[in-house]
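What follows are several structures.
Here come two complexes built around chain A, the first alongside chain B, the second alongside chain C.
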Partner chain A sequence: MAVTERPSQLTEQSNPIVSRLRAVVLSKEGILFLIMIAAMLILSLLTDKFLTTNNLLNQLRLVTEIGLMALPMTFIIITGGIDLSVGSIFGLSAIVMGFLWQDSGWPLELAIIMCMVVGTTAGFMNGLFIVRVGVPPLIMTLATLALYRGMALGVSEARSARGFPDWFFDLGQRQFLGIPSQLWILLIAAIIAGIVLARTPFGRGIYAMGNNELGARFSGIPVRLYKLAIYTFSGFMAGLAGYIFTSRISTTRADMGTGLELDVIAAVVLGGTSINGGSGSIVGTMIGLILIQLLKNGLLLGGIKGDATIVIIGAILILAILINNLVQRRTGGD
Partner chain B sequence: MGAILELENISKQFPGVKALDDVRFDMAAGEVHALLGENGAGKSTLIKIISGVYKQDGGTIRLDGETVSFNTPREAQQRGIATIYQELSLYPELTVAENIFMGHAPRRKLGPIEVLDWGAANRRAQEILASLNIHDLDVTRKIGTLTVGNRQRVEIAKALSLNARILIMDEPTAALTEADVERLFNIVRLLRERGVGIIYISHRLHEVFELADRVTVLRDGQYVGTKPVSETSEDDLVSMMVGRTIDNLFPKLETEVGKPVLEIRSLWRKPLTRGVSFQLRAGEIVGLAGLVGSGRSEVAQVIFGINPAESGEILIDGKPVTIKHPGQAMNHGIAYVPEDRGTQGLVRQMRIRENVSLSVLKAIRSGLFINRKQERSLATSMIKQLNIRAYSTEQVVNKLSGGNQQKVVVSKWLASKPRILIMDEPTRGIDVGAKAEIHRLMSELAREGLAVLMISSELPEILGMSDRILVMRGGQVVAEFSRQEATQERIAAAMMSETAGNGAAKSETMMIGESETA
Partner chain C sequence: MTATTVSAARQSAPGWFKNLRMLVSGQEGALTLSLALLVIVVGTANPRFLAQQNISDILLNSSYIAVAAIGMSAVIISGNIDISVGAMIGVLATISGQLSIVPGMPVWISWLVPLIVGPMIGAVTGFLVAYLRIPAIVVSLGMMSILKGGLILATGGVWIYNMPPEYKLAQQSFLGLPVPVYFMLALTILAALWMRYSPSGRAIYAVGGNKEAALLSGISPRVVLMRVFMFNGLMVGISSVLFATQFSSIQSTVPSGLELTIITSAVVGGVSILGGTGTVIGATLATILLRAIGNGMIFINVSAYWLQAVQGTLILVTVLIDLLRRRRQAAQIRG
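So, the complex of A and B:
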């Protein structure tokens, strides 16, 4: 996408196709992709249970929720912001859905819609305070991380909602055209988000804001509107993810998704999005997301003990970032 | 005089551009050697090579006759070469003494361990400052609380604390008040007497004549010549710099002044826009003069919707309009080239293409998407039209020289095809050549029927370019002159009037006498 197309300055005179290819391979996303392939090969040597279509598809099913939230998070981090409240919105939306149906007797279809309405509203409130009152995103979403979680706990009174009708599990537990149903949603959402970010005026505005917000404003980019949009979008996606998650695990509790925001941010940042804003891509985020999950799963299947797994994953993440920084510096990328 | 520093056949290649080509330079102890050239001529590259930031691709550097090669700025520093950059590189949260001795503070033994001796550092800092005839600076104050002039003195003291024998000063007077400039000159003369060699870069030619012994001119990365200052003149230097004679820095064309396009009526936005009214007509360049803090930029930003008006009317073609944000102003055909190109005018980390199209993203869509082809050809045509020196539309703006960056800002706003163009300090900090080009462009645009409002602190520019001149003071328009009646004295008097006696006014008086090379 936009960011990967950076023409390598060192190969200006060579064959355009070769230099284009070189640019793609040496881009942050390209390097990360190679690291992912290498990791997959090594993991497949540890155990023959890892590299099977079934296992891989199942792993993707497990990361769909994180992936959906990582899409708006990519936009937000590119603008130099952050949304720490997604895990709490995720939990709040799902618990509201569960109890509207179980306690208040709402039709489940309506409760599902409310799940997303609650998420969207929660995200909108984040955006509104960030834009109108000027609260830094880190502070605002740290506050709502606690606030929304507290509301979820209040609604549930430590109970869980369960016993959903069978059709409710279609999305989370079944397949559509041979692929886990929810994966279709992630796939379509990722493609749309990727194109919006790379090709539209809105996406360009997001990058401009992340590099120089004042400069973007002086160029007529509606900075506040765009910010409001991405935080609202983030809330909506957290709501959607909450619904999918509930459908996958059949039940909902108020502490659902605690700490999930860190997994989301990890995928985005590993995917090459600068935490300082200004650069990043959806492709990168998706590779980051998949890389982390495959490492977790492959090491587990390979019989490596739980504690060691976390250490290895941490080390590989740092290594991946180091390799990428080195390559980007060598090739003159910024 | 024996040369302490000699550079021969220096060349440096950056991707797509030859920054330096066979350049030489030499300096003697106790010499002030001015380095001149337009923005992009290679001055910055040359001093970065001397100070070890870049490594030359070819050529030799000799220090006291011995060939040297610096891999890092630190190595150059250890050999006595210190640089004072345009953007000062001090730590605002640390004290004067801490900044001076950053990295090489005196130490003392505390039992078995060595600790930094801040008492000694304070004393030595005091001594160094005293040796520069600076007695009014408290070494325990935080840098952040000092004026720009004082910070610069600290930079110089820092260089001396490293026993610098060669001091490179990159546009040291750009941000100084008149009094500070005078003090700086005295310090430079003092250092010269002590045998320090000084490489002095400035766009202000009169400073070169006041201070320098010799001058070397670069153009487009090439060595043009070195002359003793006593054997040259301003005209001579300008023609060496631009490679042609600039016969007219203010190419004002006669224009047909048409109907009023923009009219504002008692516009208020406290604190610095207090009931401002004026008209702007098609084909007219209106100069807006005033001291810093008189409300010139503020009015412009009210009109452009950055800080929308609290009350008052804005009329476009005689019809009242609402402008609450820049997008609305742009829809009405208003463009604003802001004062600070680094923070307001550009997104410097992005490419030329992306900056130029930033104001017209919605207009160059096909369907929902940005039309890349159209975007690229827009940038290409702007590079051609404004003569922007860049190797491609894909160059990151940060890598361009100041004058070329300013042209990118201007092209962004020309791309929006405005009818009303507000230019805030359009030629600040750019070289004569680029300056003349921007003036010519402004004049041509006015002749094509644009209404131009030009804010400037340089009275020669105001006088040279404007059809009509408005003067602001304290958030109000206090005087208006036609091109015929305007003189420097009348404008300056209106700017300051009897009530002005503060520091800001004083610093600004400097700009009045300054006409660069006009």
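So, the complex of A and C:
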């Protein structure tokens, strides 16, 4: 949490421990964390099946794919951009992997690598058009949302790939050291992304671009290169997530992950990243991600119908931002 | 209409010619040319594309999307976005359909109610955006979840059948064209005139272009934003009636991906996602163009599986052409 406090609060002199604690608790992430704890307490009162290690770990398994894509999305939204094509890249990469193996007879190991290559290339294309031609990110990724999904449909002709060998499911369905295998990837990726964003010149450059792109360029930040990097990274993560998802559900189809981009963006935005750019954090995104999934699961276990759950999550998305806006305004944060 | 004639009369002949050239080189012109090109190419390859029934189908299927794209254009021009429109259309179409099968209910009530509920939903979104200052993408994302879940919760996603024949507004024709086409044309023209010539319409551009400057020149961005979202709600209401009355049954769920189709129409129509520029005429032309492309591809035997990929490519090409054109114009002004 230490990475989240603001410089203005660091300079306060009176009782450093109290003011530091105040800063952490009243930060966007702190408030979100409190909301999450409160939600967990209420949910565990609703049903005793909710607060068990097994259930919680299983729920985290289910959000790994969204979580992986939410990491680069945090970077992108902080720069003031957006990537709507992640759901389509996710579907396209998985389809290419499935059909290279099933129809073209490639070794599965190579097909998995191609899955990541396709994702990375798709993301790179987004980035290239955004920085070279100057297409606004929303429009570029709206176009490739249709394009990449269309390619997945065209390649597969709406057939599915299935019947993967047993070892393929290790990542998606089994455990490693007592924790769902794919959760390790998310954990490590989140830690690296968090450190890169908060502690490296690259990360600071991302914030600078979101606050004032022209200013960032004049102060010597390679704005274009950084942008290209984060959209490519986004494509790579979508490819990786496509592989993990296929491994989890044992099959792949062209319409896989339709609408997933909105889940990813919801997690990032609920996590306190400003959609206008300039602020946000990986910690927040992870809390947002977990909060949404725990609510879905807890409410379901508590006997509330799945559709009511969607309503509640929608309301919480708006409320959480509202509460945060009010608190930040009062404490003089943005 | 008087304003156009007055301003046209003031200009000399070369000025008028320049206006014409600007019109053709604008996004609307580019879209019209693309549409003409498409009609010629596909029409030559397969004359059945030009059959009256097919043209009328393309226009009919464009109508409800174009009407919603008018509202979306206003929202985007004001510097916001509304992702919940697809869910709104689902909810309002269901309300309309359910009302129409209530025995003894006059049919005009089932047409009218969506036009009242739509702006009410728009007012809630607008209030959260304008007064509580939550970004529109967040509000409409939340609103989308609420409407989507609420709809299935309330109806269980049932199909609605047996609407009375007089309810099916969109299946009626007038002078050889389906009624929704007239709605599309009339609303596009009215909205274009409103946004171009009335102070309340210009205020949308002002707020989207520069909020502070708008505030300093005596425009209240809050009021404008409320108005924009309620206007969008009204357009979505009309769109949902056209949508609901077009088919012989309505499923009470949210049509998937509809919001993206609508946003795409507005954006390809030249509405800048950064706010401040664009017109609803462009949005309507883009809707028709996108429909015609989808329809035309069937006539030149493109595999249906590749349809979406080609559409995506074409969106990209349209945007690229527009960008290059703007850059050249900017260079001309500078040089």
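By definition in this document, the second predicted complex is superposed on the first by the 325 of 334 C-alpha atoms of A that agree within 3 Å, B and C clash if a C-alpha of one lies under 4 Å from a C-alpha of the other, contacts with A are read in each partner's own complex, and residues count from 1 in each chain.
Convention: a residue touches a chain if its C-beta (ideal position, glycine included) is under 8 Å from a C-beta of that chain, and two chains touch if they have at least 3 such contacts.
It should be emphasised that the depicted structure is a prediction, and the values quoted were computed from it without experimental measurement.
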After the superposition on A, what does A:Asn211 contact: first (chain B), second (chain C), both or neither?
first
When the two structures are overlaid on chain A, which partner does A:Asn325 contact: first (chain B), second (chain C), both, or neither?
second
In the overlaid three-chain picture, which partner chain does A:Ala111 touch, first (chain B) or second (chain C), both, or neither?
neither
Is A:Leu142 touching anything from chain B or chain C once the two structures are fitted on A? First, second, both or neither.
second
Between chain B and chain C, point out the one touching more chain A residues.
C
Which of the two partners, first being chain B and second being chain C, lies in contact with A:Val133: first, second, both, or neither?
second
After lining up the shared chain so the two structures overlap, which partner does A:Val269 touch, if you call chain B first and chain C second: first, second, both or neither?
second
Which residues of chain A are in contact with chain B in one complex and with chain C in the other?
none
Along chain A, where are the residues that touch chain C in the complex?
84, 129, 133-136, 138-140, 142-151, 153-154, 156-158, 258-259, 262, 265-266, 269, 274-276, 305, 307-315, 317-318, 321-322, 325
Would you tell me which residues of chain C are touching chain A in their complex?
83, 128, 132-135, 137-139, 141-146, 148-150, 152-153, 256-257, 260, 263-264, 267, 272-274, 303, 305-313, 315-316, 319-320, 323, 327
Show which residues of chain A lie in contact with chain B when the two form their complex.
6-7, 9-10, 12, 195, 199-201, 204-205, 207-208, 211-212, 214-222, 278, 332, 334
Where on chain B is chain A touching in the complex?
15-16, 306, 325-327, 329-330, 336, 338, 343-350, 354, 357-359, 361-362, 365, 368-370, 394, 396, 412
